[in-house]
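Once you scroll down, you'll see the structures, which are given as structure tokens.
In the two complexes that follow, chain A is the common piece, with chain B as its partner first and chain C second.
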Partner chain A sequence: MARMKFLCDSERCIECNACVTACKNEHEVPWGINRRRVVTINDGTPGERSISMACMHCTDAPCAAVCPVDCFYTTADGVVLHSKDLCIGCGYCFYACPFGAPQYPQLGNFGSRGKMDKCTFCSGGPEDDVTPAEYEKYGANRLAEGKLPLCAEMCSTKALLAGDGDIIASIYKERVVTRGYGTGAWGWSVAYKDASAA
Partner chain B sequence: MSVKNGQADDTAGGSGLERRDFLRALGSTAAGAAVAAPLLAAGPAQAKETGAERTKARYRETEHVKAYYRTNRY
Partner chain C sequence: MLIKRSAAPRPSASRSRIADAFASVAGAPVDRRSFLRRSGLAAGGLAAVGTLSLTTVRKAEAGPTIPGVPTEIRKNVCTHCSVGCTVTAEVQNGVWTGQEPSFTSPINIGTHCAKGASVRELVHGDRRLKYPMKLEGGEWKRIGWDQAIDEIGSKLTAIRDASGPDSVFLLGSAKFTNEAAYLFRKFAAFWGTNTVDHQARICHSTTVAGVANTWGYGAMTNSYNDINNSKAIMIMGGNPAEAHPVSLQHVLRGKEVNRAQMIVVDPRFTRTAAHATEYVRLRPGSDIPLIWGMLWHIFENGWEDKEYIRQRVYGMDEIRKEVGKWAPAEVERVTGVPGEQVRRIAEIMAKNKPSTLIWCMGITQHTVGTANVRALSILQLALGNIGVAGGGANIFRGHTNVQGATDLGLDVTTLPAYYGLAEGAWKHFARAWEVDYEYLLNRFGKADMPRDAKKKLMEAKGIPTTRWFDGVLNEAKDVDQPDLIRGMVVFGHGGNTVTRMPEVKTGIEKLELLVVADPHPTTFAALSDRRDGTYLLPICTNFETAGSRTASNRSLQWGEQVVKPIFESKDDYEVLYLLSRRLGFADQMFKNIKVDGVHPEPEDILREINRSCWSIGYTGQSPERLKLHMKHQADFDKITLLGREGSPVAGDYYGLPWPCWGTPELKHPGTHVLYDTSKHVMKGGGAFRARFGVERNGESLLADGSYSAGSEIEDGYPEFTYGMLKKLGWDSDLTAEELAVIQRVGGASPDGVSWTTDLSGGIQRVALLHGCSPMGNAKARAVAWNLPDPIPVHREPIYTSRPDLVAQYPTRDDSRDFRVLNIGRTVQTKAVEQKLADKFPILLTSGRLVEYEGGGEETRSNKWLAELQQDMFVEVNVDDARRLGVRDGGMVWVYGPENGAKARMKALVTARVGKGVAFMPFHFAGFWQGADQRGNYPKGTDPIVLGESVNTLTTYGYDPATFMQETKVTLCRIEAA
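Up next, the complex of A and B:
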């Protein structure tokens, strides 16, 4: 069974933010929320690196572990999804997530939070596949359409890889063999600690 | 509406009653619309996925996906 993973090749990311824009447009993400964002480390100094970050769909997802209403579930593809009907917007998952993936829309002027929103690996949510109800709450379901997440598909430098973890790891390995080892597959040691379960 | 000897003249055109009827009708229409609006806005009911249907694998290695893997090897 294929296990879906993201891999950002920081040697190639040029911080163009096209992945952020594409995601926001594809899923019509509400104001104030970015499901994906580009983080730059050592900005302006030698060795500067940019990494495109979103939900990494962890094997033993900390967000799911702390959720008081148990709104998270993991699909057979290894994608961590959640039900906005169950979410109470408590914010625990935001504190638990090592990648800062969960985002909340601001509902009022006094800090009240709405339902949590995060990357779905372009695979919708618990509503029926490819329906207006699913699109409204979770965005497009590209996986059900036989495609991969748009952020990775349209990355101009092919820095952001998404898909079957074994295949993208082999692609990355080929690159490393060709050019030498750089900063590594950023985030993998945190997200996919248990290699046997992944 | 004309007033004669401190009393309203109902026979003189009855424009006052018409105006009240109009406001009453307007009020009841607005209330009806307020009740109906959420029903219309909700749209058709959507079935939700349950159990195994919800967690089933969606990923398929289609030609589209294969082309993605191929181009990423460059």
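Up next, the complex of A and C:
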């Protein structure tokens, strides 16, 4: 059975931010909220690497473990989604998440948080698939349309892969064998526990 | 916990959601291969994937925004660089509602960068100019199109009557389609001036001049896709990871699949350098010494391709002498690159062939730009890398159609297709346009001037965009035309793109008429303290009009109109028609172009290009063939770009990369790799162009024993003329119709009619029939005797950080060209005498960011992009920052050595730049020497992000061959603010 995963090949990522704007464009994510972002380490020195980061849709997701209103759920495809109707914007998930994925719109002048927003793996929320209600709260539902997350589909160097974990792992493995360097899919051991293979 | 799907009835409990989705949407379960493809497998086994079809999936695609409304798919081309990424737009009810990956495009294979992934925002247009406007008493006032065209027409006519047509500066755009670029050049010809320029002047004019003078054509020799075949890749003076991100897909795949070494030469450790196997940091402006240093090792060790040089290169021995002066110690002294590293990169490039050389603005934007380009070209010739798949000079250009706009003559030195400005060129176009030569001649100069004086202006180079303000501000005696520039018409061009901006600002203020035709008001409208006489015409974006664009690899791609022009905007075609009608020459100009009401049809403009632009093979790319290619993108191989056997595009190269010889009916496939002798000319083969005669100082300039596959002449030969066909006895292959055209063109001397002037295409057809290249088969020129420096020599920048080297390597003497003065030597001497390098101790260079493009008005108005780069900044080296007391993220004042210039911005303290070097991105405007100019924009059209322009600080310095500006080396002083 398909289990959806993200994989960012840091040997390929050039910090072009296509994933960021593709996501914004597809879901009309407002200014200030970033479901996906690109992080550069060792900026400007040899060893510089960039990694595109978003919700990794963890196995046994820590955000779900700490949520006081239990708004998270995992789909049959292994995608971690949440209900904005249940979310109270408490921010616990932000502290639990190893990837900094949860985002909150600022509601008032005193920094009160709105309902949490994060990457949905382009698969909407609890509402019926591909409906205006779903779109308004969670953005597009590409999975229901037979498509994969747009960030990965548009990645300029095909650094960011998204899809069935087994398939993207095999693509990545083939790539690593071909080039003979650059193993280690960033974040996999944290997100997917048993995914040491890639 | 909620489990969304468990609550709903499921077709099969064992099937996962994704499989369900495919099944329900596409009507049939998706096969594994299609699914793999969407997962990004294309990255791994590219060639195999190219043949797969996605039809089962694509059929049912619908945008998410308006469920239930039918979606139309329209394809256009991304506007933000020259890679030529296909943009697949989803349109519902005439509104662009979604953008999907273009997996079938052989060029981008589904991908985009930050700009390409957010182009839909351009057409939402929150910050666009919505209707024509006029500046009156310092206030922006809304006017109608009729009034705008009428008033502009009157003012242009008044300037023309008093001062002649050369007093209006026409600035075109690399954002034009090919058809609009051609139309704009034609407009200038009918208006009566050669002062018509565009962005190529300030990006790759030196490349065009440099490579065209070396081997014939001013363009990338291979393609982005072809880099997949390279065994070594050297990128010099370019940061494609930010400027051409999608190209990195091909570069990195080449690097991975071939285990190719990737060398990046740049003063900054760029995002591209982060992926290099070898990073070389050189002192900005010392490119020629580095290349000569590499060649020193190549010649010393006999690594050059001796047979290739013997057969196909003229003058390499003279290069050898110059290179002899650049022994490792001197190279290290001048460039700062360790000697051992120079040897190593020379060896990598020489021993891992085919090796490709990629360059961009870091090479071209210098006072020695043309010489830089020539040095790099000579390196590739010495290694035998030109005309070879996987090799080549892969010159990455900057805009969607900067190659096409250059090809079609938005250049002060030539008519379309590089015909030049001589009488023969004008006569060719007079015939092609079916207008009287005397009519065109009489459009030039002031009405009462004698014929000779008009003819002289008609054949004189115009004033380039780097110098237009000198044409406004100089004394009349220093400008070689009837009067100074008094009016300016700008289509699609930023106002912060040229150096010496304080003088640009004064120039704008002195203009009597300024017309800005653009989707945005641009810096031109907001920079100055003008109060009257500025007109803003809202032009739609590329996506709201149709036409072809030429990507960097010379492929033409037809873009469909995605949506109708929004607000009151119009496309370039219509505005040019309206202007020419108001000025009274529309009937002549559009004699053979179909005009639908007031809208010229782009297909018909392309047909006229096909009928006239023989010299670069823009003749075979009919609109029908280009549209067929867009429709059958999936049938092209993703590396060779060749159409699949059995498909409607079998045997064609994608986009019919020019030269695509002969008429469309001849079905020439286009040329993927220029000068490739391993192929038959009818399969895209060729040889170096015989452009510079057949002999020089007793030595033949024609190829020696080298010829393209299947050529009936098994040696070098000159370019084809009717006379040559007769000598070869091939004239009998011409049809009666072709012969009639040749005789009509030739008049009394038909023998002189050549492959470039024969309007029938017969001479090209017959040459190809015999396996010969119409443009001849010559040697490339290592020595280009017609250029200011026939052999490239190192010359220090005008404002150099190494004044100790100026005596030995001075810039060229002052000169007068392009109707104005070039006093570079005077400025350099003064800078050394005044010890400016002590007062301004930091070398300032500039470049591009991935989020923005060019002057940045369009991209800084795009909210998705603006969010990612909210501040203008200067990169300061860690050691310098410590010494200057500059904090990371703190504000600094940066001072320049000319015009008392200063600019205030954030400091980014980083080891990315070397000690003593600072870097600024060039996309910002809207702050002027510390002052916010947001109020100068018409309400609601101000870009989201404003910042200081680097060009406030950049200084004097022009390449002698093209008047390219020096943007990469100047001096500055940085102080914490």
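The criterion applied here is as follows: the second predicted complex is superposed on the first by the 191 of 198 C-alpha atoms of A that agree within 3 Å, B and C clash if a C-alpha of one lies under 4 Å from a C-alpha of the other, contacts with A are read in each partner's own complex, and residues count from 1 in each chain.
By definition in this document, a residue touches a chain if its C-beta (ideal position, glycine included) is under 8 Å from a C-beta of that chain, and two chains touch if they have at least 3 such contacts.
Bear in mind that the values here come from a model prediction, so they are computed numbers and not experimental data.
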{"item": "Contacts of A:C87 with chain B and chain C, given as first, second, both or neither", "value": "neither"}
{"item": "Chain B versus chain C as contact partner of A:Y73, first or second or both or neither", "value": "both"}
{"item": "Larger contact residue set on chain A - chain B or chain C", "value": "C"}
{"item": "Partner chain in contact with A:T157 - chain B first, chain C second, else both or neither", "value": "second"}
{"item": "Contacts of A:C119 with chain B and chain C, given as first, second, both or neither", "value": "neither"}
{"item": "Chain B versus chain C as contact partner of A:A133, first or second or both or neither", "value": "first"}
{"item": "Which of chain B and chain C A:L148 touches, first, second, both or neither", "value": "both"}
{"item": "Partner chain in contact with A:A185 - chain B first, chain C second, else both or neither", "value": "neither"}
{"item": "Footprint overlap on chain A, where chain B in one structure and chain C in the other make contact", "value": "1-2, 4, 73-77, 123, 126, 131-132, 141, 143-144, 146-148, 152-153, 158, 161, 163-164, 167-168, 171, 174"}
{"item": "Touch list for chain A against partner chain C, complex", "value": "1-2, 4, 11-12, 14-22, 24-26, 31-32, 43-46, 48-50, 64, 70, 72-77, 81, 83, 123, 126, 130-132, 135, 139-148, 150, 152-158, 160-164, 167-168, 171, 174-175, 178-180"}
{"item": "Chain A to chain B touching residues, read off their complex", "value": "1-2, 4, 73-77, 123, 126-129, 131-134, 141, 143-144, 146-148, 152-153, 158, 161, 163-164, 167-168, 171, 174"}
{"item": "In the complex, chain B residues that touch chain A", "value": "43, 46-49, 54-62, 64-65, 68-69, 71-74"}
{"item": "Chain A-touching residues of chain C, taken from the complex the two chains share", "value": "1-6, 14, 16-19, 21-22, 25-26, 30, 35-36, 38-45, 57, 60-62, 64-65, 67, 98-101, 110-118, 120-121, 241-242, 245-246, 248-249, 252, 255-257, 259, 269, 271-272, 274-275, 279, 850-851, 863-865, 867-868, 910-913"}
